Amino acid sequence: GKSGPPARSTGFSVALLTPGPISDAGWNAGAYEGLKAIEKELGASISHVQVKSPSEFEEQFRAYAAKATRLVFGHGFEFQDAAARVAKEYPSTVFVTTSGSKTAPNLAPIVFELEQAAYLCGLVSGRMTKTGKAGMVGGVELPSIKSTFLAYEAGFVAGHPGGTARPVFTGSFEDVAGAKAAALALADQGCDFLFQNADAAALGVFKGAEERKIRAFGTNKNQNALSPAVLASAVIDMPRAFVETARRVKDGKFDGQTLRYGLASGVISFVWNPAALANVPPAVVEETKSAEEKIRSGAFVVPRGNF
Amino acid sequence: MLPSLELRGISKRFGETQALSEVSLSILPGEIHALLGENGAGKSTLVSIAAGRLAADAGEILRNGSPVSFDRARDARDAGLALVPQHDLLIGAASVADNLAFLDPNAPFFESPAARRARVIRLAQRFALDLGDANARVDALPVGTRQRIEIAGALTGHPEVLILDEPTAVLSPDETAALFASLRKRADAGGAVVLITHRLAEVFAGADRLTLLARGRSVKTCRVSETTPEEIGGLLLAGAEGETREKEKDFDTHPSKHAARSAANQPLPSLELTGFAPHLASAVRTENVSLSLSPGELLVLLAIDGNGADTIARAIAGLERFSGRVEVGGVSLPPSGDPLAFRAAGGAFVPADRREEGLVASLSLEENLALPDPPGRVFLDRSAMRAHAGDLLASFGVRAASSTALAGSLSGGNQQKVVLARELSRSPRVLVAVHPTRGLDLASAAAVRRRILDVCRSGAAALVITADLDEAPLFGAPLRVVTRGRLSAPLQPTTPVETLGRLMAGLAA
Amino acid sequence: MTQESAARRFVVAAIALAAAAAALVGLTLLAGASPIDALHALAEGSVGSRAALGETLARATALVLTAIAASLAFRAGVLNIGLEGQFLAGAVAAAAVGPLLSGAPFVARAGLLVASALAGALWVLPAAYLEARRGVPEVLSTILLNLIAAAAVSGLVRGALQDPRGDYPQSRALPDAVRLAPLVSGSRATAAIVAAIALALLVTLVVEATPLGLKLRATGLAPAAARAIGLPGARLRLLAFSASGALAGLAGGLEVLAVTGRLYDPFSAGAGYTGIAAALLGGSHPLAAAASAMLFAALGAGSSAMQRDTGVPGALATIVPGVLVLTVLAARARLTQKRA
Amino acid sequence: MSGFFAIALLLAAPLLLAATGELLLERAGSIQIGLEGTMLIGAFTAFAAARSGAGPHAALLAAACAGLLAGAAFAAFAVAGRADPILVGTAWNLVAAGGTAFSYRLLAGATGSVLEVKALPPFAFGLPAAALAAFFVPAVLEVFLTRTRPGLALVAAGDNPLALEATGGSVVAVRTAASVAAGALGALGGALLVLTVSPTFVEGVTAGRGFLALALVVFARWKPLRLVPGALLVGGATALQYRLQAGGGTGIPYAVFLALPGLLALFALAAARGRGGAPKALGTPAP
């Protein structure tokens, strides 16, 4: 558990608040990698803290702002209220929440348009499904999770008109056992493709898919290596987004506008699992590629949730 | 004849208490040997040592003439000694069959329920004990049955010496007779039986020899046929009070002078029991009691421990459920048992167990004396509490470092005085006191009696329970003897002590 | 559970603090950080500045209240392990009625706090009923009620109490006018901590210096004697139980009012459990328990600073209070055995 | 339908093991409300052992050993030390949760990748033998309690400790042994999570199952065999909930399912007579 040197008040300093442990191999781990990348690429001094309950949000923001930290990330929608309050008092610190909608001159959310890649996963599933049914496994029922499900479902129906995609939430990002159980339940319902957005619990989904010999998708990180059942991953390059955001701040280009990162920015990508690609009809690969182009160019807008 | 079990010069000390000093006891094969003595005389301690449950500080144990030493209870059982202790030994949540397996030292590691049931039937037949349904949960059984289960459990190892610590306290007369019959059979077959009891009647009806303990020493051993209940009763009571007991002629408690029944023509009785009986799942059934005490009247209930007088008192004070009717100052109390209703009607209660029920050991004397209605509107009126405590401690002659001393730090006798002080200071309408002078020295005991008579004189009715034959008449009030839950007819305080002793022992007057 | 002498309490606390410090140094070394830096950050981050002190006080509010709630219950002989659930019930009530209340902020706040105290008190009722009528140990039922309360929070922020603006699993925010403002700018300490300390004093006074308090203590120390003496044991227990629940509920309400402004899932990081630990450390004396709660709050704020400044894992903040409590228990057991 | 049962069994097995251990301990008169912590210790130990090269069965064994030690440590405080078990358990959860998280960081670093370990091989119904064996453990305990001598001693320790002492037994010894066994079973429950269903460790991977297991003991009213339907009910309800969600949603918020074990246990307590079957000396110090 070595981490960076202490954030000093001189130079470019960046801090990160995560709502969970950075060893979760998912949402929080990605953010921490982003922080490390900022340290490496921009020479920033970095600092991280894991918050235990909502009562601490403000405390941590304030502690960093008081030390003249230039940029503080609050990793989740739930940090918005606290960030907005503290931002008012510390105009020279920039506050960024990952997801959310509140903005101010020194406050903006990063919005990952993971939906765009999720749509492509849906499209692939729709084209390849035999049963016309797909499943989606979520951890906690959160807007960002539901939004990717919305996009996946849209893609699935586009690929297989009349098909259905059903979500199951387990209520926890840590509950790998629950995620596996959910995957099995979906498989038993006839689903032959599983999308998931469950962080560390994703492994449970893959194990379930392996067992029922169906396909699943990685999310957030490139999870292609985790299981032969993974057909492709919808990846957020969190480090890239974090570095890009930090660079903006460092260069004085931060303008308080929502920071959107989609396929076009390269932060979001759809990555085939080379080990599984052999079983995918070339036509599907082609179609996916052209759909991706349309999304990049803005010719097609992927539906997303209201949050 | 070589004794089956012989104890020589056994001493045992618990902290401050010298429970046993050089006690010797020998038990012969073929005899039922009764062990008698007042509460705290050391009977249970002695038999625990004999059965390897406790280590003696000094002394020797011999089995059939050769010295033995027991490191564990198991060793004693292996040597043929079995003890049924005073407290409940059974697993309430388990069945009769399981309990007997638990008590059987030779039960195999693994045993099927059928085998366990078979044991119950075997034991019931062999010892002619009614052990009830083998599958019944023990905590649903009457105490008599539970007692028999414990005895059967002790007998499973075929002990040559069987020691029973107060087995009859909870048995009905028929059950007691049956128990003695089965013990007699064992003795006739050459086994030895040691039996602790407070009841002289059963000793004289069923035992061969007896040993009397008093204050941790053995006072007398003899054949039952060589003595009388009166002699033993006298020794027992002397033991309870210590050798220093003299006739208390020098005190101003002449019965006739203080007979407090001037208020006999008052219309409303202070305490009235009608068809009253405490509800307890136990064998000693208190018969329906009816009595009435007018203001200023005092009644002494005289009973050896274990005869139910205590339970009558507790039920009146609202600490047990009862059937029938209890009225205090015309207010009838709920039969579900409600100490608050008793108090609200003007009742005061001195419990037998002052440590558990009389005082809050880790509160100060001031605080104890202020309960249950501490003074002060918003905050405790500490100075009033102190003054109140100071007065009471002085006038009851309590020896304590100060009124802020913890109640638990006082000696037993002084604790008793504190309880009395608290209860009497409340100017009760009815006082119910259980063994109010137990553990007090002579002067203090006389002072306590005086206090009780004083409250009566000022209009309260009092019900005093005592086991002290010599003390009872000193109140100068009518007496009733309680034996096995039954009240005798009212007796004059001038009734000869011998008559009272015979009644207490359960013998015809 | 019972009172103990001041001297003994002091010895036990000193031993425990030493053990906790040793654990802290050891774990910091294991994590590859400098213990000196870590301890420095701990001190700076908890009491080193006005802002840090403010954080400690802001954290302390809920802990002080749950700690005195635990002390009150323990002193009356009620083993209320359900403070966590009662805390959540109070927070739920605050989040439910808060946005509905209109009128002057003062009135709205009063309404919100009354609602949360009531909710906390109501949440003990199933346990109190089962204890009084069925003899079910309150330890078991209150643990179950904690589970249920946590599940209810999770359901409510996605259901009945969900903020209609946005799709977030959180309740509607309290109006800024209703929320408590900081006492001094740049600090997060609000009047809530003053209220909590005042309540700690009040509970201490009630327990130690009023007729009612004496009765409660007597019931807790010797139930059989209290009954025989004529104290209404069952009623006193119920009173202490529900007052304890009300205090924990109030803690939840104040947390919403002063700190978070809304209900989230999960809402609590174990304020109820920490309160029990603080009460234990303070020997169930309300003031000492409140002081221990302050200590835990300082530890929490300080270990956050440690994490920020030296990069040691946040888990330290969980381990250290646990070690503290276990040492107290062990030290107390040893002292008792020596005396016996 | 076979899928449904497999899922129910899968979710019930770890719960059942932990709850059986807890029931054993409670029948002996002590109580460990820090069962969640013990499960975490087991889960982490299995993970750590497997990461350092042990096979899944060896990892299971390692977890059991860690559980034995954990049970002995608990007993040192709460049985021999006679500290209030509730308070020890409260602190236990803190130390175990923090300690496993801390150790995981030491072992794995602040890694962002899933560290997978080898799972136990499936045996039948897609479940490994160890998970299936879990369903027989309550029966073994039942036999132990009702048909063996030490079983009777254990029941006595929880019902009438003085009786046990009077017959030459030692309450401290019996409760310590029970705590050690309960620790092993709790840790095995945690290990089973890692080695069957979720071949990795995450902070808080037990996700509240320790508390569910506590509730199950109450629901079972301290009778081992009743744990099986209880655990299957919880496992089944969860599986059913996933199935209902998968089948198109139900409108029942999943919080209801989260609350289900607690509610069931509370109703079981309310419906039972007396103390609901709780051992008489539960939570009281050894004489």
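Labels for the chains are A, B, C and D, by order of writing; each one numbers its residues from 1.
Simple rule for what comes next: a residue touches a chain if its C-beta (ideal position, glycine included) is under 8 Å from a C-beta of that chain, and two chains touch if they have at least 3 such contacts.
Everything numeric in this text was worked out from a predicted model, so none of it was measured.
K.L.:
Quick check: more C-beta contact pairs in A-D or B-D?
P.N.:
If we tally the C-beta pairs in contact for A-D and B-D, the bigger total goes to A-D.
K.L.:
I'd like the Å distance between the centres of chain A and chain C, where a centre is the mean of that chain's Cα atoms.
P.N.:
Roughly 35 Å separates the two chain centres.
K.L.:
Measuring centre to centre with CA averages, how many angstrom lie between chain B and chain D?
P.N.:
Their C-alpha centroids are separated by 46 Å.
K.L.:
Just the number, please: Cα centre separation of chain C and chain D in whole Å.
P.N.:
Here the centre of chain D sits 27 Å away from the centre of chain C.
K.L.:
Of all residues in chain C, which are in touch with two or more distinct other chains?
P.N.:
Within chain C, the residues that touch at least two other chains are 31, 154, 158, 313-315, 317.
K.L.:
Going through chain A residue by residue, note those that touch at least 2 other chains and give them in order.
P.N.:
Touching at least two other chains: 1-3, 21, 141, 171.
K.L.:
When you check chain D against every other chain, which residues touch at least two of them?
P.N.:
101, 105-106, 203, 254, 258
K.L.:
Going by the touch rule stated at the top, which chains touch which?
P.N.:
A-C, A-D, B-C, B-D, C-D
K.L.:
What residues of chain C sit close enough to touch chain D in their complex?
P.N.:
1, 27, 30-31, 79, 81, 126, 130, 134-137, 139-141, 143-148, 150-152, 154-156, 158-159, 270, 273, 276-277, 280, 313-326, 329-330, 332-334, 336-337
K.L.:
Quick check: in the complex, which residue numbers of chain C touch chain B?
P.N.:
2-3, 205, 209-211, 213-215, 217-218, 221-222, 224-232
K.L.:
Okay, in this complex, where on chain A does chain C touch?
P.N.:
Per the stated touch rule, the residues are 1-4, 6-7, 15, 21, 47-50, 52-60, 62-64, 66, 77-78, 81, 89, 101, 140-143, 146, 171, 305-307.
K.L.:
Can you list the chain C residues touching chain A in their complex?
P.N.:
Listed in rising order, the residues are 31-32, 37, 45, 51-52, 55, 58-59, 62, 154, 158, 166-170, 173, 185-186, 188, 255, 259-262, 264-269, 300-301, 304-305, 307-315, 317.
K.L.:
How about chain B: which of its residues touch chain D in the complex?
P.N.:
Spelled out, the residues of chain B in touch with chain D are 52-53, 72-74, 77, 85, 87-94, 98, 101-103, 105, 107-113.
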